[in-house]
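Got some structures for you, see below.
What follows is chain A paired twice: with chain B in the first complex and chain C in the second.
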Partner chain A sequence: MRRSMLFLPGNNPNMLINGNCLGSDAVIFDLEDAVSPAEKDAARILVRNTMRYMDFRGCEIIVRINSIDTPYWKRDLDAILPQQPGLILLPKTGTAKDVQEADAYITELEQKLGFAPNTVGLMPLIETALGVENAFAIATAADRVQALFLGAEDLTADLRCKRTKEGREIEYARTRLVMAARAAGVEVYDTPFTDVNDDEGIYKDASYAKALGFSGKASISPRHVGVINEVFSPSQADIDYSYEVMDAIAMAKAQGKGAIALRGKMIDAPIVARAEQTIAMAEALGLGRSEQ
Partner chain B sequence: MDTKLVKSIREAVQLSGLKSGMTVSFHHHLRNGDFVLNMVMEEIAALGLKDIFVNASSLFDVHTPMLQHIENHVVTGISADYISGGLGRPISQGILDKPVQFRTHGGRPSDISLGRTPIDVAFIAAPTADPMGNCSGKYGKSACGSLGYAFADAMYAKKVVVITDNLVEYPLQDFSISEDYVDFVVQVDAIGNPKGIVSGTTQITRDPVGLVMADLAAKVIDASGLLKDGFSFQTGAGGASLAAASFLKDIMLKKGIQGSFGLGGITGYLVDMLHAGCFRSLLDVQCFDLKAVESIRTDPRHQEISAMHYASPSSRSAAVDSLDVVILGATEIDTDFNVNVHTDSNGYIMGGSGGHSDTAAGAKLAMIIAPMFRARLPIVTDRVTCISTPGRDIDVLVTQGGIAVNPKNTELMQRLAAAGLPVVDIRELKEKAERITGKPSRLPKGDRAVAEVIYRDGTLLDTIYNVK
Partner chain C sequence: MEITKCAAAGTMESSDVYVEIEPRETGLEVELQSVVQAQFGQAIEETVRQVLKDCGVENAKVRVVDRGALECVIRARVETAAMRGKGEA
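Now for the complex of A and B:
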């Protein structure tokens, strides 16, 4: 489960060592944009050592390496892969070929390290117009791809438009990525909301992303983590309704009925599937049914 | 007598009968903006007096001119509840022959009232006074709000001098300290620098780790069973403590809980809680910011109290005895929950108990908020450098890495675990931090006592030795 993913600069020891205390389901140790070229080596070592010595139980580690058109990405993987991150976030992914190139090198390292194939997942970061148009091909380019990730800042620069809080300029990219990811059977994560002080704005933005079908949302500020977790967690009403659905289905089966209505609405396969997803997530979060 | 006004501080010192070997006292409501202590000590030095004992409720960096008086043997002894690093460091290096006596905000007035620490002349910095000595901290250009720590000095000193930069016509209304205690009044241009007296605003932390701790702290209070109508609360002015108060406010409003009182050093955040209906009143021994000063001046629910009323163990009762929850800080805490707020990890004096051990002793739940490490040093240690507050009075430590409950408080431990909060053993927190920082080796202590930590009941709690 990755409701929230918090970016942490790879060159900031204080943030890195406290990364597992900030409440997000996953942290993204950033070796790319947050780190200047002069600090790439130091950040890589710092992130590697943080992964080696710190206990991140309950918080998945994702590492954003540098893009494959830079001289850094292989060295990033050389240092990071032995620590078994949950996912590698691959920036500036524009084509299926980019994914395959990264996949090939990760496969090579996995073999050297004696890891089972696809131990480390890949999450292409879609942040160019080309990437958006190729989203489905990217999502299906390798078995290692577990999710797509939308990066709106670079994308809007590529689109030559202004990034706004309302986000109308990324509407197409958002829906396109959700569609592509779901068609490919992988998860999809929304871009961070960048105004750290706008509590209402992050709530609206996260709620909208959830409504579109995103699995979770990234954040550049620990202050947004709580809101994102709340938005992407099932509500008590959703949980209760899901249990009612499952109860009704069980009753229908017991009575030998093929179809059953709940609150005047026929329960069909998609409703059951959604109820199952909600209950699975609620159980993972330790949430239960309301007491009657 | 139609006036107690004298021409100068020097004249007041002379008329008070102060002689070498005597004791003078000061209060610290003007904090790091105070001019009065330095002005008085300069006159005492100029008059050629020596061997003076200074009993100050707290000393700040603004008071470093005292170092000169120590070197010249004008000052040979100090009692204070808090000493910041500017004076603390040289004291730790052994500048004074006699150890400093550290007391608490409750222990100091207790010892004064019991005659254990007699004061010959008290000098009271007063933001407003009339010519007969009625005075207040609520008005004037140097307004500081409450004068809580000065009451014991006024009531028990043999002679009392009020020093003001806002002399008003007799009688001053809404006075704090009344003329019947005052012998002399001096008017000066300025008793302090307003910028150092109170902060414009005190801010909650923006540090993500501080916010995590504050969120946990509020949840601990919520789960403690104490958060119900009539709840009483004290917190410090540190960023994480204020953030905890802010989160607590949200919980109280959501649950419709009206507490009885907020206590202690009062900030704008507690004033906001009063206005929001979280408390019926504020009991204020010291104001920390302009909002608190404005509130104590205008809102009758915001009540000034003396340090005796606040925390004295020899009062018939003190507000700390009715306190439900206090949030406190620590420079170190050991695995027996003893807390150090007097020295840094290297042994240099940089603080003091203030009301730490008074509120910890009185409150039903005494909580420490501290990060797992500061400046690469773990906060949880095997043994604190100095015991400021004994572990028996501390109930819980909140860090970003988990919550450690004192094993003596089994009920709290069960309540927090039932609420799903991350309760861990304090030794686990220590080990967790040491895995990151390594185990720091201790600096060797000197063999000369530079300060004695006197507990609120007058007994010796610990001794601080010089740093080599």
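Now for the complex of A and C:
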């Protein structure tokens, strides 16, 4: 479960070592944009050591390496892969070929390290117009791909438009990515909301992303983590309704009925599927139905 | 391979450590300043020496200014300084 994913700059020890105390389901150790070219070596070693020595149980580690058009990405993987990150976030993924190139090198390292195939997942970061248009091909380019991730800052620069709080400029990219990811059977995560001090804005933005079908949302500030977790968690009303749906289905089966209504609405397969997803997530969060 | 040039790594920020390294003819010389010198000075110096040994550095002068860094951070910054001093970064 990755409701929230918090970016942490890869060369900042103070933030890295506290990353597992900030409430997010996952942290993204950033070796790319948050690190200047002169400090790439230092960040790579610092992130490697943080993963090697610090306990991040309960918080998945994702590492954003440098893009495959830089001289850094293979050295990033050489240092990071032995520490078994949950996912590698691959920036500026534009084509299926980009994924396959990264996948081939990760496969080579996994074999050297004696890891089972696809131990480390890949999450292409879609942040160019080319990437958006190739989203389904990217999501299906390798078995290692577990999710797509939308990066709106670079995307809007590529689109030559302004990034706004309302996000109309990324509407197409958001819906396109959700559709491509779901068609490919992988997860999909939304871009960070960048105004750290706008509490109402982050709530609206996260709620909208959830409504579109995103699985979770990234953040650049610990301050946004709580709101994102709340938005992407099932509400008590949703949980209770889901249990009612499953009870109704069980009753219909016991009575030999093919269909049943609940609160005046027919219960069909998509409703059951949604109820199962909600209950699975609630159980993962330690939540249950209300006291009767 | 030995240290061939002056190099540095890390910062003076809280939870970090600043490490400077320079060539030296014979042996290791470690100069340490730390906010936790009294309690952990010896342990920090041992860590610095161990990392340099692991990096194959036998001769160097090292200045370490610790701002309360954890051991994994100290290890990272010393390794980075050593790699830079050897021209391998």
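A few points about this structure:
One rule holds in what follows: the second predicted complex is superposed on the first by the 292 of 292 C-alpha atoms of A that agree within 3 Å, B and C clash if a C-alpha of one lies under 4 Å from a C-alpha of the other, contacts with A are read in each partner's own complex, and residues count from 1 in each chain.
By definition in this document, contacts are C-beta pairs under 8 Å (C-beta built on N, C-alpha and C of every residue); 3 or more make two chains touch, one makes a residue touch a chain.
This one's a predicted model, so the numbers in the text were calculated from it and none came from an experiment.
In the overlay built on the shared chain, the residue A:Leu46 is in contact with chain C alone; chain B does not reach it.
After overlaying the two complexes on the shared chain, residue contacts for A:Gly167 are found with neither chain B nor chain C. Once the two complexes are overlaid on the shared chain, A:Gly131 sits clear of chain B and of chain C alike.
Looking at the shared chain after the overlay, A:Gly286 reaches chain B, while chain C stays out of its contact range. By the document's definition of touching, of the two partners only chain B reaches A:Asp55; chain C does not. Judged by the touch definition given at the top, the superposed model places A:Cys21 against chain B, while chain C stays out of reach. Across the two superposed structures, the residue set of chain A contacted by chain B and also by chain C is 14, 17, 53-54.
Across the complex, chain C meets chain A through its residues 9-10, 13-16, 69-73, 75-77, 79-80, 83-84, 89. Contacts from chain A toward chain C in the complex involve residues 12-14, 17, 41-42, 45-46, 48-50, 52-54.
Interface of chain B with chain A (complex): residues 208-209, 211-212, 215, 400-401, 420, 432, 435-436.
Against chain B, the residues of chain A that register as touching in their complex are 14-15, 17-18, 21-23, 53-55, 221-223, 226, 286.
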